[in-house]
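What follows is one structure encoded as structure tokens, with my remarks underneath.
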């Protein structure tokens, strides 16, 4: 099922940079970020506050407001054939950043949905949730009759695990988890192929969070959309994302599949993050965490932005910005051809993995630095 | 968020505030040094009766030959002192009553709120007139007391509402947990956070105090032997300056009142913008919303 | 671990709460019936000991924050007693409570709102020093502030003293909040979700700082959290609350590895835990979410939420969500059941010797006997398979 869905690339982000203009100079919020998302994939974007993860997806969705400017890069979207719809331009890439307002509007309607962090508070308090879903459906497709829209709304609510009798409930009658489900139902209403979720569960309790994550996974498997999932909580991504990118100070420092990241994290920052949350099982060990605090984007350290907090610094780390490069997998020493061509092999931006700069090779156990 | 030093620098950068402040500053300078510079005594009679403005009498003379310019300059001191004094007094009362009612709540709040509401619904000017008429003695001090009594309630009400919303804030609870006394919590922890509202209230009350005082004195309810803007009006009205065509007699003090009121109002607009971010012109970078973690 | 457990039972309790209850009356004029109230905390009993951390775990609406504020005496309990070193705290009113506050301090969840935006770090730290008479002169005060800042790893201290809260990062603010609590020289520190508002990489720093304070200064700590894993990492003892009721407690390792109450089990299975699934993750079995009790998947109508605390369900408040609910669960709150090694639970599933007059007594005893334990064991094994 999953392999069938993943037949091609859905979205490609190339060398995108975003600056904020401020009175105190220019802030580089996102710096030369590239990645690709396949159809049906859940792409996780993890980072702390100020890492630029939200700015990055707002840039992709073209939602940035003036002081923020996209200074370079390209966002390519590859539309897919939609079952039962008039898709004429399948396979042809859409340059999202070049769309004019009318095209952008159409693009947002048809291809992209966004679930914001505080989305559950974005529901109109004076309208029943059913009405709000029906409104979206009818605005999207004016030909749809009220009854059709109603039955589709019921279908959507059931899809996200809300019983049909809640159609006439007002937002204040629903709990936080239910409201968040309703928002996801609205995001699903238009059959978007790509759903951006910005911290969709951070305001919710663990039990409800797990419920909603399960729902998202199930729907993804049934409907085949792709998800960009933004969170500060790496442990969440390790459970639901296919591919995970770790952002630090506006750059992706490591990218790889969930398994790769969990089993063989390469960047010292990823390592630190993985050892920043205590475990429920296994021996209780004392963890050291990452020293220092995330950098201020107005004064990003030179070279590798992580070097002031890193205990493996090489001379080059202070001066040269490491590029995000594919790395050799555990078994073979050279990066695999497959990884290089697809751009989905593990990638890391760290001088420890550059033979010229670090002939000795990466340290055997990064772990010793983070665990006592 | 109102934050330490940025408030001062922001106020300085705000055009309205600068404009308002310079007007008020001008009047303060006049009140301080003006009386030292004038040559004629404002109360001295002369033969130049009802002269229009001239080189000798810049703003003309009254029916008894007194110099209007000298009277306005000397009157500025009294009027300003009374306006600011009464305004300050009323603000202090409103801060004490408003914060006490808001922070303590319960019965204290009920009683004080009742008091505030009573003073709000009583028409201030008629009350002031009645009080001024029945007070056994007249002069600037009773005038200040009257203006204070009639002018404190509005500020108290606004401050009470603000304090009510602030008393359950974490930093107030934290101060309680560190063992701070209630008095210190109210006046050292909460009050500084309401300073913009207090300042706006003060400016507003000063405007009211000046207008009320001028009005009462115009009606002859002040001490008509002292010289202030209000008493100039009183004598001008008493001597039928309007009928005699002596416009210079009341025009100058009128302009002073209007100008000072405008200056204070401009300061208030500025403070308003500071306290209410919606009125603020775009000045901060919009930051992408960041992780808002689980609430307890 | 085991040594810690034994010492914790021998150590004299410093702060004890017995049958604490807190209702918040609703300000609504009702024509008929009694005035409504939010029953936030119902019968909480806990003990804090020197040099030991007790974690209070629960979701939002569980009443855990209310417990912290009751213990800090920011709220007066509706009923129940608080004892500090065996002395019952009866006082009401700020002045009378000052003596208590000298010993019991609290750190709030949100460092962005718990510091006064109009005051400097110096003000925040100097106030408790002055109030409790630890500093009498300005130079004494400066010296103590510097050492406080150093104790919470804010160095160079001089650099932080004149700063306003908005000039500090979240982690630094929380350290200031901790330093302020320490300034009173308390013997009990109540930490209300001290890390949940902070960035992931900073959380451990703060937890490790609290651990150091606990060990070096023999502080008694109450650690309030929604995260069982951090409770296990940080606290010797863990208590689980649901909708204002204590449902389970005991040594952290016991409670987490041998969770008995269905709610604790639900919490555990909901927590993100990459290790448990090996490499298959949550994705491995996507057809039915495995960690959600069957009942919830079926109903899916908000049963996953904490009930209203204005009209809470009778008996065990978890029964509407509990896959093993029995009739008796609706009628009365299960008594505390000791399971050995300090582990206890409030659940009828483990009530072997429980004498009850509940109506369907035959059913109950049956379930409470072998049946109940069997069932729960199978519940456990099912969880672990997943």
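Think of it as A, B and C in the order they're written, each chain with its own count starting at 1.
Throughout what follows, contacts are C-beta pairs under 8 Å (C-beta built on N, C-alpha and C of every residue); 3 or more make two chains touch, one makes a residue touch a chain.
Quick caveat, the model's predicted, so the values are computed rather than measured.
Peer 1: Using the touch definition from the top, how many steps at minimum link subunit B to subunit C?
Peer 2: Between subunit B and subunit C, the shortest chain-hopping route counts 1.
Peer 1: Going by CA means, which chain is nearest the middle of everything shown?
Peer 2: Measuring from the global C-alpha mean, the nearest chain centre belongs to C.
Peer 1: Mind checking the centre-to-centre distance between subunit B and subunit C? Centres are C-alpha means, answer in whole Å.
Peer 2: 51
Peer 1: Can you give the whole-Å distance between the Cα centres of subunit A and subunit C?
Peer 2: Each chain reduced to its C-alpha mean, subunit A and subunit C end up 32 Å apart.
Peer 1: Quick one: report the Å distance separating subunit A from subunit B, using the average Cα coordinate of each chain.
Peer 2: Between these chains, centre-to-centre, one finds 56 Å.
Peer 1: Provide the list of subunit C residues touching at least two other chains, using ranges where the numbers run on.
Peer 2: Residue numbers touching two or more other chains: 60, 199, 226.
Peer 1: Quick check on subunit A: which residues sit in contact with 2+ other chains?
Peer 2: Residue numbers touching two or more other chains: 49, 205, 232.
Peer 1: Could you say which residues in subunit B touch two or more other chains, in rising order?
Peer 2: If we look for residues of subunit B contacting two or more partner chains, we find 291, 293-295.
Peer 1: So in the complex, the part of subunit C that touches subunit A is made up of which residues?
Peer 2: Per the stated touch rule, the residues are 1, 59-60, 169-172, 199-205, 208, 211, 226-230, 232-234, 253, 256-257, 266-277, 279, 281-283, 286-287, 289, 291-292, 296, 299-302, 304-306.
Peer 1: Flag every residue of subunit C that touches subunit B in the complex, lowest number first.
Peer 2: Counting only subunit C, the residues touching subunit B are 60, 64-65, 69, 72, 74, 94-95, 97-98, 101-102, 105-106, 108-110, 113-119, 127-128, 131-132, 164, 166, 177, 180-181, 183-184, 192-193, 196-199, 224, 226.
Peer 1: Sort out for me which residues of subunit B touch subunit C in the complex.
Peer 2: Spelled out, the residues of subunit B in touch with subunit C are 1-4, 169-171, 173-182, 189, 192-193, 195, 291, 293-296.
Peer 1: Touching residues of subunit A toward subunit C in the complex: what are they?
Peer 2: 48-49, 161-163, 165-166, 174-175, 177-178, 205-211, 213-215, 217-218, 221, 232-236, 238-240, 242, 258-259, 262-263, 272-273, 276-282, 284, 286-291, 293-294
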